[in-house]
Structures are given as C-alpha cells and as structure tokens.
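Data block below; observations after.
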C-alpha cells in the first residue's frame, strides 16, 4: 500500500520535473539553422566534392590506385620526345597526355585517400557540398582539358611513334642477332587503364 | 440562437442544418492551427525552429500546404482489405468526434442542442469512435493495425470509467446533466468554478478526467494504439491521403472536444473569470475557446515531455489508480454534500 | 596461465588432440587441434577450474587457400584473464567441424556466419541456416575460389 | 502425443505454431529496429513467445571487400562504414590490429589523439543510443537534446579531419591530420558544456517514473548468461560484470588515465535489466569526458606522421586484436600472407554478438518490451551485417 502511494507521488513528481524542463526550453533559442538561407561555416579541412587541377596533373595514377571504391578512371598517352607539355606548378615536367580523367562522384566515398599520394597536389577536396543532380550520368565528372580531336591526335601520334620505335627496335635486334627471330614484340598500345 | 434563427427563417430543416454546421466554422481553422501549433511547440521545446518556410511568418500555412498535399495523394486501399469497412472507418471516427460538438455550449447564446442530458449524450457519442477504430484496424488486414485497434478498444473502454466517475462528481454538485445549466451555475468570479469547489475533491476529479481524456484521445503517454515505435502507426498504418487526414483531423477535433468538456465542467465554460467583466455571449465564445485551447496546449506539452506506457501499465493506471481515486472523489463529494 | 601451460594441460587430457603448437615467432600464439575432438577440448577448457575459459571472443572461418578450410577460436577467461587461440583445419571436400554451440552459446551465430560465408559445416548445430546471405543463395562467398554468379533470382549481380 | 492445438503454419526455424499464436514481422522496415533488422515474433496476443532475428539485410560484404582492396589502408573507409555511429572506434580497432601485425609503434602524440577521438566518439555514440532509446520508449524530446550535444562533437571531428560521420581519420601508423589549432581549447569548452547536460537527461528521461516502469525488470540479462553469449560493452557491464577492455586488457594509453568502468547495480529492478544497460551508457559518457579532459591536459607535442609506412606489407601471420568500441568488444582477426593485400579480415562486431542474445531475454515479455530490449542492446545494423 505504501509503495502504491509512493509510486503515484513519484510519477506525478517526475512528470512535473519533465514538464518544467521542456517548458524552460520553450524560451531557449533554437540551435538549428534555417539551412538554405543560413549556411554553416565549414572548417578549413572540410572534405566534400573532389576537384582536379588538370594543369598540374602528371598522370601518375596514384590517386586511382589509392581509391578504395574505384571511382577515378584515368587514361594516359605517352607524349613524343618532341612534345612540350609544360611543367606543373611544382616545377615537375609533364610527360604524359592525360586523355581521360573521370571521377564518378556518385561512387565517391569522400575518404580523401586520393588526395594524399598526389605528388603535385592537383587533386583536392573542395568546400562545395551541394551538387545534387536529376540525372545520375551528370555525376560522372570529366576533368580532361583536351578536346576530342586533340585526344585522337595524340593517340594517333603516340601509336605512330610506338610503331616507329618498335620497327627501329626490331631492326636493331635483327641487326644484332640475325639468327634469332624476334620472339615477342610489345603490342603497340600506349593506352593504360 | 436557435430561436433567433427560427424567427428569421421559419424553416426547421434549414435551421437545424445551420446550427449543425456552425461548429465547423471553429473546428476547421482550429485543426489547422492546432497542427501547426503542435509542430511549433514541439520544435521550440526541442530547441528547433520547426516549419519556417511555408507562407512567411513562422511557416503559418504549413498545415494548409499539407492538407493540399494529402488531398492530392493517391488513395490506397490494400488489396486484401475489407473495402467497405476500410472506407467507412475514418468517417465514423470523424462523426463520433464531431457529434460531441452538438451539445457543447460555445456561449450562453449558442449551443447546438441544449438537451437536458447533454453530458450523458457526449460521453455516449464519443465512445462511438472505438467502433470506427476497430473497423479501421480490422479492415486493414494488417497485424499491426489489428494490434492497434485492439489496444485502442481496450484502452478507450477502460478509460471511460474513471472519466465518467470524475464527471459524476461534478454532476452531483451541479444536480443537472445539462451543460448549459452547469455553466450557468458557475457564473461569477473564477472561484465559482467547480474546480475550486469542495477542494480538493473536484480538483482531483479534474486531474482524473484530464488523464482519462488523454487516454481517450490517444495522446502521449497513452498513445499506445498508434505507438509509432511499436506498432508503426497502429490502426492508421494502411491509410493514406485524405483518409489518413480524416483520422488526424478527428484526433485534433477530439482533443478540443475533451478539453471543451473539461473547460465546461470544471472551468466555468463561457464564463469570464472576472465576474461581469468582459462577459456576455460574444466574449463568452472567446473565454470558452481560450480555456479549451489552454487545455489543448497542455496536452501537447505533455506529449513532448513524456515517454509512453506499456499496455498492461495503461490498464493498471486506469483500474488500479484512476478508478479508485475517482470513486473516492465521488464518495467524498457526496459526503460533503450531505453535511 | 601462459599459453604453454594451457597447451600442456590440453595435452595431458587429450594426448592425441594437438597437431601443432606455435608460441614463438608469431604475433598470436596458437594451438592446432584435430577437428574431431574440438568439442571435447572446448568443453574441457570451459569447465576446468584452472582454465575456465568462459568467453568466446571470436570464431572465424578461414579459407587457407591451400585446399583447406579452417576455424579459429579465440578464447578468453573472465576469471583468470588469460587467452588461448585454438585452430582447426579441415579439407575442403569434407568441411565438417563439430559445433561448440552447446559449450558457448556465443558460437551459435558465429558458426552460422562461418557456414554462410566459408561453407564449413558444423555438425550438431541447433539452427544451421544461413545468416548474412539470403537463404536461397548458392555458394560460400568468402572461399578463395568463389566465382560471383551472374544472376540471383533474375537480378543481375555485378552492377 | 500430438498437440491438437498445433497448426500447419511453421516459423522459419521449423517450429509449428499453436492455434492461439501468430507470427508478426517486426521489420525489416520498422521504426524501432534501428535499421533493417527483421524480428520474426511469435506472439500470443501481446505476449512474445519466441523471437527469431533475421539479419543480413545490410550485408555489404565487408570481409569480401577487404580481401579485394589494393592495400591495408584502403580498408579503413570500409571499416568506418561498419559502425557508422562510432566510426572512430572502428578505425581504432582496425589500425591497432594492422599495427600489431606490422610490429610498429606509433608516436605518443598519436596515441593521445586517438584516445581523445575514440572517447569523444564514444560519447557521441552513447548519445545516439540513449536518445533513440528514449524514442523507442516514446519520449521524443530527449532524443533531440542529445543530438544537439552530438552535433558539437561532430563539429570537433569535422574541424579535425573534414568529415562529420565517416572520418577515415586513423591510419595505420598514425592519423591523417594533426589536431588543428584551437582544438584543445574547443574540446575543453565542450567538456565543460557537456557535464551539466547529463543532469538534464536524467531529469527528463532516466529518472522519469514512466521510463523506469517501462525499462526496469524488463529484458533481464544475468551476468553469467551475458558472458556465455559473448556480450560485451555496456550490455555486459549493465549485467553487473565489471569488465572493460580499456582497463582489463589495456591498449593504447588508457592505463595513464584515472577512471573506472560503470556497471549496472540493479537500482530500479533486477541487475541487468534495460534500465541498467541504459544508465551504464549515460554514466559512461561522464567517464569518457573525464578521460578526454585528462588526455587533453597531458597530450605531448610531436609529429603525427613519423610512423606511417609507405607500403604496408606485414609478414605472414595472423592476429586477433580487440578494443572497446562504443558497443563492446570490437575484434579484428587479420590474416596476412605477406602481400600488400589483406588475406582475410574477420570483424567480430559487438552488435552482432549482442544481438544474438535477444531471443533469450525477450521471451515472455510483451511486444512493447521487445522494443525496449532491442533498443537497450543498442545495435547498429551496419555493424551487425557488415
């Protein structure tokens, strides 16, 4: 019987305490913000959309290797010794035409692992976090600066050069060891994937 | 009011129709505002902002937008449902909630039907809601809905008893079942209100009535028929679009109905708290509605504070706590009156 | 108790059970046991007053990649605060290991998982269903020679 | 003798239902299962006769993925996603395992940073656990209060590593970034701000009589049963077993701090009921804040990147390393075959093991109790299914 009344007293009392707390919070300013009107300030290190500065990219494929979800796809073509691709901002000489640099941002898990191995610091995570799209295909970001014709051009040139080199090599080999036939020639592809 | 209309129009059917529709003038905007208010109260209690965008100031037209959205939604009837009962249930629940307004005195000049068993009629007619809930839950052909309906039936039936007993305590001192009469007996300053009579027994009766009313309208901490974390949404699980809105609407209408009854029985109804100051039929409406709204707000406040009970604890509260206390109140009031 | 002492105790009780023990030169010392006696050994480890291994930390099924499947039991004693790792290996053709669910209820789900992903059959398991993969899935994905099927119930798998 | 009340309907374990029983599927889409857990409930009215958990709806083949990565470092983002509510603790366990396999020692400062992050993450995770538990019981408001505090912890994380939920912060041999300038002051501010909030939670939820009535004496898990089922973390400590890996099998620099594990004492009912499990989490938050404060005061200067290896190629061998995650004993069993790819990684996730006890403790209760029990075990389905 005693417990019965104690229980009733406790229930009423704890309800009143709870009501006091919630009532007090009626007059506490809200901690949330009205999002599209007010935007949170992101810290310096915020990791959001990936961006690649193609001027600095040397096509080393480090980021592609580091990506745990394989959202980066890079293809490169060797440049001719006569081509001048310029240098990166860190002073490194570029040796490869980057003919494909696709990031499927829909697959990206924003881990940032691609950012660290980059030798020229050209791939980085920016502060842009609003990039929703109506079409999934729009998430395939294409960073290559070369036009289609240019890509075809460098590919053709590289293939030609490769062939030339191969022919030269074969000729040299044939000259050096005329007895043994060239067993295996490297296929004339310059494209890696 | 009825007399006035009859004098002007001299057509019984027309007059009855008008008096029947009159409460809707209050109910519809009330429901819209109450839903918005509930969101805002919850938001501010939780340090949030709540709806802010729709319609300028603090998102005042959010509920209207939601109404329009629900109207456009597809009306899904499950293939395995009992279609007739499924479609009928929301209307029955709404009718049960709305029918109570016929006998609620909004002001000294306006009451839908001043029947001399007013309170009895209201208690009888609000119980009809349980039929609608059972119909909806059963017809949905969903186990969660059925659970919700069964819980609701058990809950509403058992909470009728303490609430009726609490009302009985008031009826005993008033000596009448007519709500208009009960209001007239509480005229004057606020200490004439029944809640302060025979202190503290009627006050306890009011608490009992209020708790029981919370259970009857399925509000937290007694919202187990639609407990979203257990039963998904209870008996409304399978409803969508406008039918769901009807359930929602009926719930808010019911909330005001029970608050209005509490205001009438315990807080002087349309009486001004300050004697004749701001009295009269027009101000009466104001006092009545604001008393009702305060009680509705308290229901909301409780909802955003408390966890919910378990079904057996709910029964415990009804049968082992509220009912004995209500009996004690009735007996005490009776003894007091004999003295 | 050190690993050596525990291993000695097992040897004393089950002279034929131990295949291999390794305490030096590895990160985690272990005792390799013949699979047929694993239940008895576990029961002994569990009930012996001086050992009292009552906490099964982990049970992992592995595919050794050399034609064998294995189970690794990591045990811990709450009372004596010592650990032991027990390993068994079974051939892929007949991957049957006695279930230890009756000794450690914790092994129940772990064994179901090992069955599901590696395909070790635990004889005497009370509820030998798949646990993570769908009930009608074919094959055991964590085996090294597992080939991803083309379709599952008409759905293309490699998206 | 055949039971004449038996019907031809069978549960998925093959048990025939009796006439008065029915099977209810709680989940996979259900508000109180905290994700895509399906509980097949055999119920007699409101009384639960049996529960058969079905998991695997969120199975993302973590172990298979890990075997197909280019290296050990690439696994870390996947580990993050196992327990998305306590990603730092997950990282911690994994990198400790790989470091042990490699045999490298990380700088002192890294150890401190890791402990600070793990403990802040534990607070954040327990805030979710306690908040959603309130939500299961029907109290909405405490949930948002707790999320309010959690946001501040996430702000600290975002400032440190740039992400709010899945950090990829702890790396094998170090951490990705050093602490940003001003972090220590902000973290200290947070500790000061957080301590009084515990009282608010207690007043509003923990000691609310309705909440106590709903959780006390419900889902009682005795200590020996908890050990037998391999339960760990707050579930084990809630059952009155004084065992915490941070103290009893110390790793990192936990031995340098002054704190004690909280255990359930059965204040409101039997030892090991839902309320005990809940209150252990609430009290653990205070202890974690204590550890964070001590670590912030003791943290040494130094370089955080010295031990990060360029190529991670552990020698062939295997290791089982366990740490105390927010949900209990998180073990990683890693086998290396000497190459850069992990040969096999098995994650012993605490929720997976804790969940296996649910049929044992929920029989005979009501449906509402089942919700309370599932909430008090604090499972994260990402970790159960991996």
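Which chain is which? They are A, B, C and D, in the order written, and residues in each are numbered from 1.
Note that contacts are C-beta pairs under 8 Å (C-beta built on N, C-alpha and C of every residue); 3 or more make two chains touch, one makes a residue touch a chain.
Just so it is clear, the structure is predicted and the values come from calculations on it, not from any experiment.
Participant: In terms of CA centres, which chain lies closest to the overall middle?
Facilitator: Located nearest the centre of all protein C-alpha atoms is chain D.
Participant: Between chain B and chain D, what is the gap in Å from one C-alpha centre to the other?
Facilitator: The separation of the two C-alpha centroids amounts to 43 Å.
Participant: Calculate how many whole Å lie between the centre of chain A and the centre of chain D, each centre taken as the average of the chain's C-alpha atoms.
Facilitator: So the centre of chain A lies 31 Å away from the centre of chain D.
Participant: In angstrom, rounded to a whole number, how far apart do the mean CA points of chain B and chain C lie?
Facilitator: So the centroids are 62 Å from each other.
Participant: Determine the centre-to-centre distance between chain C and chain D, using the mean Cα coordinates as centres, and give it in whole Å.
Facilitator: Computed from C-alpha means, the inter-chain centre distance equals 24 Å.
Participant: At which residue positions does chain A touch at least two other chains?
Facilitator: 15, 18, 21-22, 25, 31, in rising order.
Participant: Residues touching two or more other chains, restricted to chain D: which are they?
Facilitator: Each of 141, 148, 204, 208, 210 in chain D touches at least two other chains.
Participant: Using the touch rule from the top of the page, what pairs of chains touch, sorted by label?
Facilitator: Final set of chain pairs in contact is A-B, A-D, B-D, C-D.
Participant: Can you list the residues on chain D that touch chain C in the complex?
Facilitator: For this pair, the touching residues of chain D are 12-13, 55-56, 59, 61, 63-64, 67, 100-101, 103, 227-230, 241, 243, 248-249, 317-320, 322, 329, 331, 333, 335, 337, 343-344, 346, 348, 352-353, 355-356, 360, 385-386.
Participant: Touching chain D in the complex: which residues of chain A?
Facilitator: Touch residues, chain A against chain D: 7, 10-11, 13-15, 17-18, 21-22, 25, 31, 42-47, 65-69, 109-113, 116, 125.
Participant: If you look only at chain C, which of its residues touch chain D in the complex?
Facilitator: So the residues of chain C in touch with chain D come to 26-28, 30, 54-58, 60-63, 65, 72, 74, 78, 81, 85, 104-106, 108-110, 113, 117, 127, 129-134, 141-142.
Participant: Okay, in this complex, where on chain B does chain D touch?
Facilitator: 42, 45-48, 143-144, 147, 220-221, 223-224, 227-232, 304-313
Participant: Would you pull the chain A residues touching chain B in the complex into a rising list?
Facilitator: Interface residues on the chain A side: 4, 8, 15, 18-19, 21-23, 25-26, 28-32, 34.
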